[in-house]
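Multiple structures follow.
Shared chain: chain A. Partners: chain B in the first complex, chain C in the second.
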Partner chain A sequence: MSRFRGAEAFAASGDDWQLLPFRFERLNGRVLVTNMVGEHLVLSGEDFEVLATGELPADSDLVRRLRAKQVIKRSGERAPLSLLALKARTRHARLAESTGLHIFVVSLRCEHSCPYCQVSRQSEDRDRYDMTLATAERGLDMTFRSPSRSLKIEFQGGEPLLNFGLIEEVVRQAEVRNRDEGRDLGFVIASNLALLSDEVLDFCARHNIHISTSLDGPADLHNRNRPRPGRDSWERAVDGIRRVRETLGVDHISALMTTTKRSLDRVRDIIDTYVDLGLRGIFLRPLSPYGFAIKTKSYSAYDAERWIDFYREGLGYILELNRQGLDLTEYFSTVILRKMLTNVEPGYVDLMSPAGIGIGALVYNYDGSVYASDEGRMLAEMGDETFRLGHLEVDTYESIMTSEALLAPLEESFALSAPMCSDCAFETYCGSDPVYHYATSGDFLGRKSESDFCRRNMAIFKHLIDLYENDEFARRTFLSWAGR
Partner chain B sequence: MISLRGRASDFGPGQHLDRAVWMVVDRDRLTPQRHGRAYKLRDCEEAPPGFGLYLVDDARFAPRDGAWIALPPLLRYVAAGDVISASESGEHVRVLWRAGSPNNSVLLTERCDHYCLMCSQPPKERDDDWLLDNAAELIRLLPTSTPGIGFTGGEPTIYGERLIELLRLCRNLLPDAGVHVLSNGRRFANFGFARSWASVDNPRMMVGIPLYGAEPALHDYVVQSEGAFEDTVRGIVNLGEVGQRIEIRVVIHQQTAPALPEIAEYIARNLPFVEQVALMGLEMMGFARANVKDVWIDPLDYQPELREAVSLLALRRVRTMIYNHQLCLLDRELWPFAVRSISDWKNEYHAECTDCSARDRCGGFFFSAKYKVSESIRAIPAAETQAPALLSLGR
Partner chain C sequence: MDANEQKSDRPTEVRFAASTTSVDAIQRAAYRFGDRFSVELLPGVDEHICILRSRDDADLDEETENFRVEVLDQTLRVRIRKETEPIRTMILAKAFSRTGVVDPQDLD
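Presenting the complex of A and B:
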C-alpha cells in the first residue's frame, strides 16, 4: 500500500545520538546498564561495546532498547529529559518532608542479657536509665517541629515496656497535640514481649499501636541468643506474637531477627518459625557493628561472604515457599526492589542517600540527648559521641537540624559524590551509611573497596537482578513485593 | 451488528426540516416537550399534532400534516429515547444515541493528523464541523441523568477550544455522566491546551490515549507520523501534571505485540500516574484490512508477551484491562483482566460459541471478525472455566 510508509522511514534518520547519564557493571559476560534514575537493562558484551564506542546505528533493536530506557536520545527530543526529571523529583520527594521517624528510648533497662545487644542495655537503676516525663515532653515538642506530614513515634529500649507508664503518657499527649496538627500519626513499640500484659495490649488496641519484636528463629537458637531469667525468651515472644495477632491484628505485628554465627546454617528453620507463627514476612539482616556485638565479638564472628550465602539461601527458600502458594515477603529485598522497579523511595533509613541520619530519623535518648540515628546512640553507649546532635534541654529544632554533627556526615557520605559510589551502577538502589562507616573505618565516607556494607549490598543487588532477569516466577514475585 | 445509518425508504416530498438532531418520543413516553422531538408513529396511529418531525416504519402510515421520514428496515429499531440526525430533506438518517445501549460513542470528526496502520475508521480530509454542532445538540436533548457518553474521531482535539466548550456543555448539562474522550494526545504537548482541558473541571472525564511503543521509532511508524511519540508522551505528562484522568490504550497487532513488555515497562516507570491501561485486540476494519499482512497476528501467538506485560503493570498496581479478546484465545490466568469491551452494536458470537461454558463472561467478536479471525476459536468445556488461575496476579 503506497499510502503507508515502511518502518524504516520512521527510524532515526541520522546517527546523532546523545548519551544520557548511565552507569554500568559487568555481570558474568553481560553488562548491566542503569540509567540516571535506576532503571536497568542487561546488554550483551558486544552491544555494550557498540554503545560505549559511540558507534550506534540509526536503528536497531539495541537502539530501541536504549531509547526506551532513556540511555540515549536524539538531539531535538525533550520528552526523555522531562521524564528523567520527573522521576528524579519523585525519587527525592521525601527529602522535602524531612524527619518522619522519632525514636524515644524510654528506658535503657532490660531483663534480657543478650550478648549481641547493640544498645548496651542496663539491668538496674530505674532513676538513672529511665526517661522522665519532662524529657519526653521536650521530645514531643521536637517531634512536632518536623514538617513531615506523617510522624511515626517509636518506643525503644532497653525494654520499653519497663517504662510503660511513660509510653501511655506520650501517646496521650501526642494524640491531643495532633488534634490541631492533623498529621498522619502512628506509634510503634519495639519490645521483646516478655512483659506483655493484657493491660498493655488493651492500651495498644485502643491507640492503634504497632508492635515490633525480636524473633531469632526456633526456640533453641532464640533462647541461646537471647538469655533471660527462666530461659523462656522464645516462649514469651511466641505467646506475645500470638496475642498481638489476635488482639491488634496481623498487620500490627512484625518481627526482626538478628543473624548470629549460630544462625548461619539454619536459615530454613528460622523462616519456618516465622511462617508457623503466621508472620507475613521476614527481614534477613546482618548484625551491626555496635554495642555488645563488638565487645562480645559477636560481630566479627562471621564475614560478609558468609552472611551473603545465608541471605541467598533464605531468599531462595522464601521464593520456593511462594511457589507453593504461600504469600511470604522478604523485607530487605523489598526495600531494594522498590528502588529498582518503581520511582518510589521507600525511605528505609539505612539505605538512603543523602543518608537517613537526622533527616530520616531522630533519636531521643532516655537522658535527653538527641542522636542522628539509633546506631548513633549505640555508638554513644560505647563512649563515642560523634553522632550526638544535642540535648533536648538546651537545643532547639533549628540548632539540632543545622548542627555540624549532622551536616558534616550527611555531606561527606552523599553517595552521588562519593568515590566509587558516584560511578556505581547500583548507586540509586543503595544508600550511604555514615554511622556504619565511621564505626568500621573511622570516617563518614569509608573506603568502599574494604567496606562490608558495600560488599554485602553489591552482592544482593547482583543476585536480585540475576533472579529478576532469568526466573519468571521470581520476577513476578519481585514485582508484587515492589508494588505493595 | 446494528446499523447506525441509512437512507430513508421514503420521506415527505419537498420538505425542509428546520433542524438536524431529534430526540425520538412515542405515545408511551410523551412529555410536554416538543422542541427537537420527533414522534414515532405506530402503524395506523393517528399523529398527535405539534411535532417538527414524524417517524414511521411504513410510508403508508405517514401523517397528513408535517414532515416525516419512513425508516429503512435496518433502522426500524429506533425507539423513544434514541436520538437521530437527519439531512434537510430527511433522506439520510443517522442514529446518534441509543437509549438502551451502554456504549454510546459520538463521532466528532473524521479528520485526523495520524494515519494508523490499523485504523478501524480511516480519516477523511473534509470539513465535518457539523458533527461537532450535532454533538452539542445531542447533549442538549439528552436527559440530565444520562450515565455516560463517549466522544471519538478522527481526532477530536483538532477543534481546540471548541472541543473544550463542548466538554464544558457536557459537564453542565449532564452532571452525572462519565465522559470518555479518545484522542491521540498530541495537542496536550501544548501545556496551555492541557490546562484548558483541566479547566473543564469534570472529575468524571477521562481521556483515552493510544501508545504503540516505548520509543519513537515504533510508535511513529504505527501512527505514520514523525514526532508523534514525543508529542503524545509530553501530552500525557502535561495532563498528569494538571491532575487529569488518563487511560492508555495499546492496540495489539503484528507490529506492537513483540514490544508489549517494553511498552508495559515504559508505562509503569514513566507514566504510573495514569488511571488505567487497556491492552486491546485488533478490530479488522478499515486500514487493518488493507494492511492485513502487516498487522494481523493470531492472539494465541502473543500470549507470552501479553502475560509479561500484564505482570509488569498489574503487579505494580497499575490498573490493567484486556479489551476485545475472546476468552478461548486468552491465557487462563489473564481472564480476570479481560473486559467485555466490544460495543453492543458491533458485537457477535460464532457458531463455536454456542456450546461454550464461558460465553457469558466472554466479550465475543467484533462484527468485522468475519474478515479475519484466529483459527483456534473453540468452545471452552466447563471444567476449564472453573479451573483456578495458575498464579494470582495483583494479589
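Presenting the complex of A and C:
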C-alpha cells in the first residue's frame, strides 16, 4: 500500500468554498477586492459576480487567485486563518511600540515669514518663545519613558537652529541616557538651512544627525513662497543642501515641498529642481489647514481635485524619469505602496488607524505643553487647545497616554468603526486623521463623503492601483519603492 | 424662485423591496452620497421609500442610478460581513492571542 494518497484526494471538491472577510470597490467596470489585511486583486465584473453569488467552480484561475489572496478558503482549512492572523499581527506590531517620534519645538522664532506657515511662527526676537533646558530635560524624561525600542528625536520650530545650543545639550543628554537604555536612537533637525553654519554641520556629523528641510521648487517659486530678509531663502536652502550632502552624506538630507496655488502648474520644474540637487526623492504634499495657511487663505486657494491633478502629473513625470534610468522616489506614494504591497506598517502618522496621534508621535512645545501631534500644536497656536494633552511639569507619560484628550479622538476616529471607512476596500491603506477632521469639520471623525482627506486619498489609491495593474514598468518601480 | 426652492421642488423618489433590502444597507449607501444629495428614508413593511434631494445642483437622474447600484453593493457588503463575522473574530483573536485577551487553547 502506498504511503501517499492519490492525486484525487487533493483535488478541489467544488462546492465547499468558504468566504473569508473581504471588502470591495468598483473601479471603472472592474472590481477591487481587498482581503482582511489589505492585500488586493482586481477582478472583472463577471468574475466578481461569480464570487458574490457563491457559484465558484471546483477549480479555475479565479479560484486560485482568490485562494492565494485569502479571500476564500476550503472548509476545514486552517492555514489561511493562520496566515491572515500572522499578517494582521505584523501590521499592528507598532501598537505595542508606542510613541517612537518625539518632537521638540525648541523655538517658535523664525526669520522667514512664509504666508502658508502652519505653525504660526513668531518673528520677533523674544526669549520667551525658546524652550528652556529644564523643559527639554523633562521632555527627555518622557521620551525615554516610551516603550518603543526605536526613538527618534526631531527638533522643530519656528527655526530650530535659532536655539542650537539647546539642541546640542539635548543630543548629548539623550546619548548619555541611551548608554544604559540601548534604544535605537536617532535625531533629525527640521530646518530651513538659512542659518546653517560649519559648527552646526560639524556637530551633526559627530552625532549622526539627519537634516530635513523645505524646498518648494525653483528659485522664483520658492522665494515667493518663503520670504525672508534678503529674499534669498532658495539660495541659502540650496547651498545648505549641498553642504549637508558633502559633509553628512546624501542619505542624511531630505527635503519637503509645500504645494501653493503657484506650484500647481509647475510640478515638472519642482521635480527637476530636486533632481538637479541630487535629492533621491520628493514628497508631493498639499497644504494643511492650520496656522497662517488659514489666516492668509493659502489653504483655500485650491481644492482637492486640483491638487490630485498636480499629484498625478508629478507621479507620471517621476515614473518617466525612472524609465530614463534615474532612481527617484515619490515618498507619499511609497508610504501607501508599503501598506498596499507589504504587511509592514510604515508608521506614517497621518495614515494610521488607530490614529498616529500620541501613539506615533508626541510634541513637546517650547513652553512645556505636550501635544498629540504637530498639527495639534498648530491648532493650539491658533487658540484651540483641543489636542493639548498636558504639560511636562505636571504630567507623566502614563497620564498623557491615558488622558481623555488623547483617548477620545483615538476612539471616535477609529476607521474600522467609522461610517464608510469600515466598508471601504482602501481602509488598510488609509488612516484616521482626527486633527485634520476636527480642523475642517469640527469633530474628530468628519463626514467622509465631504472630506477632502478622503477624496484625496481615495483618488491616490485608485491611481496607484490603476498604474500597478496596467503598467508593467510602474508595477516594478512600485514594488521596488515598497521594499525600501 | 431661488436655487434652494428649485432643488426642494425636485425631489426624486426611489423604492426598495423590504424583503431584499435592509435599512442598514440603504443608510450606508446614503452616507456615501452625502456630498451630492440627501436621502430621506421612510422605512416600511413591504418597501422602503427614499426621497432624494439634490445638493449643489447634482444631476439627480444620474445620481439615482448610482444610488440604486450602491444600495445593491451595500446589501452585498452586509451579507459578506454577516457571513464572515465569526471567522474574522477568530482570526483577530488568533492574531492577538499573545496579548492574554484569549486563551490560545481555545483557538485550536
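What we mean here is this: the second predicted complex is superposed on the first by the 471 of 484 C-alpha atoms of A that agree within 3 Å, B and C clash if a C-alpha of one lies under 4 Å from a C-alpha of the other, contacts with A are read in each partner's own complex, and residues count from 1 in each chain.
Throughout what follows, contacts are C-beta pairs under 8 Å (C-beta built on N, C-alpha and C of every residue); 3 or more make two chains touch, one makes a residue touch a chain.
Bear in mind that the values here come from a model prediction, so they are computed numbers and not experimental data.
Asks: Does the superposition put A:L20 against chain B (first), chain C (second), both, or neither?
Replies: second
Asks: With the two complexes superposed on chain A, say which partner A:R3 touches: chain B (first), chain C (second), both, or neither.
Replies: A:R3 contacts chain B only, not chain C.
Asks: Can A:T342 be said to touch chain B (first), chain C (second), both, or neither?
Replies: In the superposition, A:T342 touches chain B alone.
Asks: Regarding the shared-chain residue A:L86, is it in contact with chain B (first), chain C (second), both, or neither?
Replies: So A:L86 meets both chain B and chain C here.
Asks: Between chain C and chain B, which one touches more residues of chain A when both complexes sit on the common chain A?
Replies: Between chain B and chain C, B touches the greater number of residues in chain A.
Asks: Quick one: classify A:R172 as touching chain B (first), chain C (second), both or neither.
Replies: neither
Asks: Please work out whether A:R231 is in contact with chain B alone, chain C alone, both, or neither, and reply first, second, both or neither.
Replies: The answer is neither, since A:R231 touches no partner chain.
Asks: Pick one for A:S449: touches chain B only (first), chain C only (second), both, or neither.
Replies: Once the two structures are laid over each other on A, A:S449 reaches chain C alone.
Asks: Going by the contact definition given at the top, which residues of chain A touch chain B in one complex and chain C in the other?
Replies: Looking at chain A, the two contact sets intersect at 82, 86.
Asks: Show which residues of chain C lie in contact with chain A when the two form their complex.
Replies: 28, 31-36, 73-74, 76-77, 80-81, 83-85, 87-88, 90-92, 94-96
Asks: Please give the residue numbers of chain B that touch chain A in the complex, ascending.
Replies: The touching residues are 115, 117, 213-218, 220-221, 224, 226, 229-230, 233-234, 237, 255, 262, 265-266, 268-270, 272, 287, 290-291, 311-312, 315-317, 391, 393-395.
Asks: Give the list of chain A residues in touch with chain B in this complex.
Replies: By the definition above, chain A touches chain B via 1, 3-7, 9-12, 39, 59, 63-65, 67-68, 74, 77-79, 82-83, 86-87, 327, 341-343, 473, 475-476, 479-480, 482-484.
Asks: Would you pull the chain A residues touching chain C in the complex into a rising list?
Replies: Chain A reaches chain C through residues 18-24, 26, 36, 52, 81-82, 84-86, 88-89, 92, 419-420, 423, 447-450.
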